[in-house]
Every structure is written in structure tokens, then in C-alpha cells.
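So, here come the structures, one by one.
The following pair of complexes shares a single chain, chain A, combined with chain B in the former and chain C in the latter.
Then we have the complex of A and B:
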């Protein structure tokens, strides 16, 4: 049966991919490249988030950077307070350096009141708080945003426009709240994530493993989620929301739930990115970045979580290599634009679609018994 | 005496002054098969829209086994026990036939309780029964959008049966079908008689004769006549409004 052939092929693909990312450090001992790949794995996780909302729910989110950025900022706040730059400011408690540089003369050097909003940073002195918030804040914001959108049955291009506007809005707010966010400059000079006394230096192989294992878990968990009955119902709402309603499903509830899960994954990716890249910046919420994510997923195949994930990793790895060749440096943007156009025109299901077609092409040859007959109707 | 399944009481809707359905009243008993006839624009499909929650009624009430369902959200009306088949087949085209039927097994509708793999045994059994009834066994792994028109209609019908809707609304189930397909559809519908309450809007008179018990005729949004085929054929008002002088043909 095709189902099982396809199932086997899919299991092999997932297993092979996870084995590859886990075994990579054995063959690659260049820590700088390993760190780079870790960042691309994070982008792969964004690909998963996009495939879940765009491919499975049929909701094109052009503002996924909003959730990535929020996750990044939440954990960056904690790591900033752990940084030596926050601890050597003549105060007993950590205070971010940029707050001191911009403080009014005579302001107390304490988070409570160095400026008007600085108290918001107080709970982030606990690292776990930053980590938990990196997952919870994007999810809650997504719930608050998605609820009215899907209750009012907004769909298609309008959702794309709303999410696009939201990411730009939040980006502006973050730049505007310069006293507590360091505006355009973002949060830099961060400390390292420290768990049980172990410091995750971004250039350690352990940090790579942290990212790779997180990606493997996120990928498998999301794969499980879409194979549940709820995942199937979600896909049905994508095909025909009205039919799903007339079967008794509250379509908005399914859309909101999976939109929020997708946002949570993006927030988790933001968290990991900060650990690997040691900064958080408003550029995470640039429109170009959110759109890039969509391109990665389209090239990899939005209908496949793994496809979109690999698409993201592949494009970024090629981009990194290309941008080191001087000729390609400028041309790269044009090339990726062209690739996107070609994929949309000729491979609408992306690399994953090509792979599945290849499997389907090989599979019937191995099948036993007669090929399925042409559909027959009892002639009466 | 059978108990009423669907009670429609003075139902009406007005679109900017135009009353598409106007004070329509009828009672459909449990297990009955009711055919709704009427010329184009009589308000048949709108009446189904009102029952199933697609359009909000501006007057009147709908009761399902005594429970009021007027103007509730579509999914709540569906959960209460109304299933609807559309004129243009409404199925999940990118899902396989089997997956379509699995989604239709909708006893559990909450997101969180559906976070599980596989189906319950009774759901699987039900799906197998429906596969037999609709003879979709050969195409279970086919993408539903690739089915023939007739198969799509049977799939949608099958989904309503899996859904276990107590009252099923069928809007022109044989539209666009070949004669053989129509015959098969009438067999499926006759199979459902007694187990489900059915309300069928249909134009094809051969098909109506095949399935009809009781007929309701609508005209200009209002109830014109109700009765058996013979009574309707003899009804002067019906002949006047709809059938012409030649009777039902």
C-alpha cells in the first residue's frame, strides 16, 4: 500500500535528518561553523513553525518574526542581567549598562527606578523566568491576536496583512522603548545560559547539541501533533472550513490553538537563537526576515514540517557560503528571489513534494498484486 | 404517532426588504423522509441555510427534538444533530477519502480531547459500515478532490452518516449525476430511511418518486402545499404555481 511506503519513507527521512544533525559534530570540528549551523538549525525550527501554520492550517503568517523576536528578547533580558557588563556598574544588583549610560543624573542605580520602565526587568534576574517567558509571552500574544482574527473568520490575505502590520508595530514599539530595550542597538554583550553550573558558551559543542536536540524534539512533537485527530481536523479546516463547521467543529478554536503552538515554537527558536548568537535586536522583527522564513518554507515544502525545516537550513547554509564568494555576495539576494519564483511556478510543494513524488514513483514497482483498477460504478 | 424531529415555526428571513423565506412552518417527524419541491427562487436552499445556521433568521424558531437551535453558530447546530449536504459537493479535497470519513467521526469536538492518535473502535466500525454502504472501498487512499462527481456526492453523504446526524439536510443530492449514479444515490437514501430523518430538496422527479414519502411544496418563500405525491399532483395551487398543467413529470 502506498500509505505504508510513504510512511516508511517519511520515518527514514525524519530519522536520517535527526541522526545527521546529532552526528554532525563528529565530522565538523570547526567551532565557528558549528555555531553557524546551530543558528541555521534555529531557522529550521522557524521553518517548522511556518509549515505548521501555513501548510497545515492554511494561515499565512507574514509576521512570525514577532514571536521569534519576543522569545529572543525575553531570554536576552535574563542573559543581559547575567552579563559582566551589568554587574560592574557600582551597584549591588545587576543593571544593564545601557540604562546607566542613559540614566538621568542622580537617578538611583537600581532596576527598581533607574528609569520609568526598568522595574519590568526585575523578575528577569532569575534566568528561569526569562526562559519561561520566552515560551509563554509569544504564545499568549498569539492567542490574543488570533482569537479575534479567527472568531471573525478573517482568512487568507487579510491574516497575512494583519500579522505583517503587527510585527512592524511591535518592532516600532521596541525601538521606541529605548530606555528599557536599548532601541535600535538591541541587547548585546549577553552572558551565557547557565544550567546547573554549566555555561553554554556558544562556541562549545554542547551548545550545538542543545540546539540540535531542541530542534529534534520540536520537530517530532509537531509531527505528532499534526498526526493526531486534532491535526487532521486542522487540515480539514484548511480545505473547507464550512464543511468542518457543519460537522460540529469550532473551526476558530482549532485555528487559534495551532496558531499559538506555531508562535510558541517560534518563541522557542528565538530563545535558542539568543543562546547561540549572543544578542537580540529589533532586526528580528524586520519585515524582510519574516518574509525570508516564508521563502524557506516554500522552497523546502510548506506541506511538510521536515521539508520546511531542511529548506531553511539549506538556504541559509548556501547563503553563508555564497556570501563569502565576492561575486555572489551582491547577487545572492537576486538568486534567492529567482529560486523562490521558480519554486512557486514549478515545484509548488517544494523540495518535500519532489521527494514524495520520487517515493511514489519508486513505490508501485515494489507493490505486490494488481495495480488499483479504474474506479468502477455498478452499471444498472 | 412518531415524535417530531424538526419543528419549523414561522421561520423567515428578509434581505433588505425581500423575504426569501416568509413565515414558513412545518413539522418533520422522526425517521421521516421529506422532499421539498419548489420552483427556482422559492426559498428552498435559504430555508436550509436558516436551519443549519448559515443565515440568521429574522423571524420564527427552529426546534430539534424540542431543543431550540434558532440562529446558533453552525458548529453548535451540527453538534445538536443536524447534518448538511451542499449542492456543490463540500468535502476536504486535499485529504484522502478515508481521512475525510475520519474527520466526520465528530463525537468529540474539542481541540484538546482530539489530541490523540487513531480512532475509537466504534468510530472505526461506523466508518467501515459507511464504506460498505457508499461503496467507496476502492478509493479510500485517493485524494478526495480527484474523485468523480458522483463519488464526491456519496463521500459527502457518507460523512453525514459517520457524523451520525439525526436530521440530514440534502440539497439536490443528484444534481449533475448520470442516471446510474442517481439510482445508486436513491438506494443509499432509501437505506437511510427510518434510521435518520431526511429533508431533501430535489428537482429530479424520477428521483423524487423513487424516494418520496411526504412532499412539501414551497413557493415565494411560503408553504404552498404538503402531502403525498398523489395529493400534491392533484393540488390545484401547486399545478398553478409550479407544475404547469401537465402534472408532475
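Then we have the complex of A and C:
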């Protein structure tokens, strides 16, 4: 491996970022803010997922909220059954309170048969089941969705439209399945994640560390994954799928694999978000949320995992600060809109692009590789 | 049966109304304009404001909204989209920002709330547009109950589709637009002023959104985020119909509207929409270029 200025700068950036998020609790002792930052770190993880599929695979997934939401719902079901609201319904086994509110008169107070779909909740009485499902279900759905898409060589903006339709479809199904999902209201009043007798109260430093360490691992693992041979082949399919095909690679297999990895990361983010925020709601699958994720990644730099991650954290922190400042309370949304427009127009490579240019400017002697950024396909 | 058909038809006509403008801006120009819904919203607010301040009814609001949305569209094209031709995903992101800006402009009354000034008809609240009385009384025709306002929408949509077809296929500017669709470089080489034609085309598509807004205002409450929910439907119609095909947009609006209408009658609105999304996904997987795609490049 050759040591380049860019390589050093990148290692420093990753190291610095991870150190910063791990050391933050030492300087910030406001648990309320720590909990908030934990949520934004989760959004940072979504930025990583977007950068992986968009920046490295050249596949814009406008339905990343689907996988985030599924992960969130899976773990929220388990945590709901652990909540005191589910334990005090006059039966030996936990039953979610909303099921009782809507139960038909005379229905037995038990998950087996309180309503038609409630048996689906039975395995979620074990917390580990919800956690495992939060990782497996998004990944499997992503595989099932990506397989036909990439086998049929659907590409570009059509992938974006299919994923967009998919997230809205599932959102409607969840809202419609009101008896088992609590519809629009989502799952609230959740219990706490409990591991080895330790309860992860969202307002504990330990919970912050759970999220921060998870983000660090996800970031480094993804960075490693894209530097493997498979990752390089993936980037070649982004730059020219036909050329990669002629070289004998099974393009679809790589695209499906990385699409599923990206979905798995989003599912993991959903899991962590529920632990930090204590609710799951269909709004996770709103179109606006999925597009916002893409915009965070665009602001941070779609071609850089760390850039997209920092972009997500930065925008959310600024939003939270601005929406609480008296003067900006009303205007912050307009400002955010303006920032989106300006970034797309004048900083197409985002903050990461600016940082790379700065590195190149400081060390002009060395030959630097150009930032890996896909050319957008020409319009139809 | 005819009831279901009519519900489907009226859903189709609204879909078509929204998709018509998009089929031009997306279909012809390759711009994913997420602010299209906000242009619809601006049309609706134009109707509300025209009613309050000028005492104009629906019919006079229609051309006014066309102009208003057209001018806003022209500005969007000049300031943002012009720099992004050929970068289709970037047009989506940038216009998403524009959409947020436009929504907030209405909600904050163009920033005047900061100075404590209130403009009646704007702001975060709900607004209504009065529909002339003779359009609201249902009447019987050959044993069918006709909803005059719905019928008015259907007829006007068909007229607008016809006008658009005429402009695109029977006028010289339409020929220039179609030339640019096929190959902008060659069109420019043949002496077509690509920038000017693109700008006018975009403004026309935006104007159609404004008209759609006025008609929507007749049966929906007018609010700053009313456009956000319709823009996706419009896109799906255009993509399923086939990029660049006016007939495809017409057919696909008809098909999707009928599916939505029939399933809504059998089950409920939510499931009906879910089924439409499912059908759209399968159709795009089957024919990514749409049911009636134009052969090009």
C-alpha cells in the first residue's frame, strides 16, 4: 500500500471524527443534549448507508427510510412488549395496550388471538428476536427488491422511482394494518433495551456510547468493505456497468449485495434510533424523510462515507439549534431549503469535496487521485 | 358499475391534470421537478387571493394561476435548473430545496410575519376557494347523477391535453421542443435557441401545474404543503406512461386512476393507493421506459 497525502488526510479525518464522538461526553454533561446527539449520530449512520449505495454503487435509493423504518419497527415491537403498558393488561403474558383498546368485546387478552394478526407478535416477547429481526428483515427485503431490479438491469432514475414507490407502499400497509401496528400513531411507550441486566435508559451516557461505538464500527467496516476487491468492482460497475460486464464480472450480484448491506446499515440505524428516541412511527417512511437523508449525504459529500455521515450530523444539529433560536424559529426551514439549493448548485461534491480540495491545495506536490465521483447519466 | 367508472375517471382526470405539466418538464426536459407540487399550491393560492382581493371567481382565476405559476416556473428554470441540465438526480435535490423554500414563503407570508404584517389568505392556516353555485348542484342525465364540478375538471383536463398536443405536434415551437428532447446538441446545431425554448417549455409546464392547483382548490383545502402529496402521483403517472409520450401519460393516468378507484370502492383508500404503488413498481420493472415510450437516442 502506498502512502499518499490523501490517504494520510483520510485516516486523520476518520480517526479525528471517531475520537470526537467518543470523547464528547467528557465535555458535554447535559444528558438531554447527549441523547439528542445520539439521535443525530444515528442519522449519521444513515448518511453512511446512503453514501455506500449512491456514492459507491451509483444507485440512488430514495426509499432508504423503508429499511430504517423496518429495523425500527422490529425492535420497537420487542421493546413494546417489555413496557409496563403491556404488562398491566390483566393477563400473564404481555399484550400491547393499543390492541386492547381496539379489541372486539370478548376477545381473549392474549397475543395468540386478541385479533387476527396479533400472533405475529408472539416471538417478539424475546428481546433478542426483535434485535435480530431488525437486522435481518431489512436486509432480506432489500435482497428481494434488489434482485429483480438489478437482474433486469433497471438503472439510474428508475431505481430511485421504484424504491420511492416501495417505501410509500409499505408505509401505507403499516398504516392500514392498524390492529397490529397501531397505524398512524406508531409504537410508543416503549420499554428500555436490557442487556445482561443493564437497562439502556436513553438519557444515560452508556446509551450514548452504545450509539457512538456502533457508528464507529459501521463507519470503519463500510470503509473497509469498499476498499476490498468487491468494493472496487462495485465502483467499476458504477462508472461503467457494461465494461465491468465485459470483463466477466457478475454486475448484478455485486449491486444486489451492496444494496442489501446499505439496507442492513439503515436497519441497524433504525434499531439504535428506537433505543435513543423510544418510539417507532410510520413517519420514518415518509417521502420527506427519505429525501432528507439523500440531501444530508449530498451536503456532506455523496462520494465520501465520512463526509455523508458528518453532513447528516451537522445539518441535524444546525436544524435543532436554529429551530430553538427565537429569531430563526420560523425561518430555519427556509434557510435549510436555500442551503440545499446552493450546495447542489455550487458544491456538487459537498463538504468532503471541499476538504479534499483543501488537502490538494496544502500538498500540491504529490499526485492526488481524483475524488471518486460518478458522472450522472445523461437525461433521457 | 358506472359509479365505479366515474369515480375512476374523476381520479384519473386529477392525476392527468398534475401529470400533464410534469410530462413536459420531466418527460420532455429530463428535469425531476420536486417543486411541481408547490407550483400546484401556488396556483391554488392564486385562486384564493384572487377571490379575496379581486373578487374574481374560478374562471378568471384559471388564466391568472397559469400566469403566476408560469412566472415562478420561469424563475426556477433561470436561477436553478438551467445550471443542472443533464444531472437528473441533482435537479431532484435542488428542486426539493426550492419546494421547501416556496412552502415556507407562503407559510411565512414572504417573510412579512417578521415585521408583524399579515396578508389575508396566506400563512400556515387552511384556505378555501368558493366554487360557483351552478357547478356544485348535481343533476341527472339519462339516469346518471352527474357531479358538475368533477365533469368540469374532466372536460377542462381533456381540453388542456388537446391544447398541449397541438402545441407539441402542430406548431413550430413544439417541433423545436421535440428536437431538443431527442438531441439538444443537434438541435442547437440546427439553429434552435435551446435555452430560450427550454425556458418557455418549463414555464408552460409550470403554468399547467398552476391550473391544476385552481381545480384542486375546488374540492381540497388549500394549505402550504398541499402540493407535496400530489407530486409523487404525478411522477408515477409520467414514468409508467413513458417519458416523452403525451398519449402514454393520458393512458397511464386512466389506468392508474381506474385501479385506484375500483380498489377504493372494494376495500379502502389506503389499500387502493398501496395497490397502485405495487402496480407501478411491477410496471417499471417490466418496462422501465414506460408503456408507450418514444424511441430516441
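The working rule: the second predicted complex is superposed on the first by the 360 of 380 C-alpha atoms of A that agree within 3 Å, B and C clash if a C-alpha of one lies under 4 Å from a C-alpha of the other, contacts with A are read in each partner's own complex, and residues count from 1 in each chain.
Following the convention adopted for this analysis, contacts are C-beta pairs under 8 Å (C-beta built on N, C-alpha and C of every residue); 3 or more make two chains touch, one makes a residue touch a chain.
Model, not experiment: these values are computed from the prediction.
Of the two partner chains, chain C is the only one that A:295 touches; chain B does not reach it. Of the two partner chains, chain C is the only one that A:148 touches; chain B does not reach it.
Once the two complexes are laid over each other on the shared chain, residue contacts for A:254 go to chain B alone; chain C is not touched.
When both complexes are overlaid on chain A, the residue A:236 reaches chain B alone and has no touch with chain C. When the two complexes are overlaid on their common chain A, residue A:340 makes contact with chain C while staying clear of chain B.
Residue contacts after overlaying the shared chain place A:176 against chain C, while chain B stays out of touching range.
When the two structures are aligned on the shared chain, A:105 is found in touch with neither chain B nor chain C. In the superposition on chain A, chain A positions 376-380 are in contact with chain B in one complex as well as with chain C in the other. Those residues of chain B that touch chain A in the shared complex are 52, 54, 73-75, 78-79, 83-84, 90-95, 99-100, 102-104, 106, 108-112, 114-119, 135, 138-139, 141, 147-148, 150-151, 159, 163, 180-181, 183-184. Of all residues in chain A, those touching chain B in their complex are 1-3, 224-225, 227-230, 232-233, 235-236, 238-240, 242-251, 253-254, 257, 372-373, 375-380. Interface residues of chain C, counted against chain A in their complex, comprise 29-32, 34, 80, 83-90, 92-94, 96-101, 103-105, 107-108, 111, 113-114, 228, 232, 235-236, 239, 243-244, 268, 270-271, 273-274, 277-278, 280-281, 284-285, 288, 296-297. Considering their complex, residues 60, 148-149, 152, 154, 156-158, 160-162, 164-166, 168-169, 172-173, 175-176, 287-288, 291, 294-295, 298, 330-331, 333-334, 336-341, 344-345, 348, 376-380 of chain A touch chain C.
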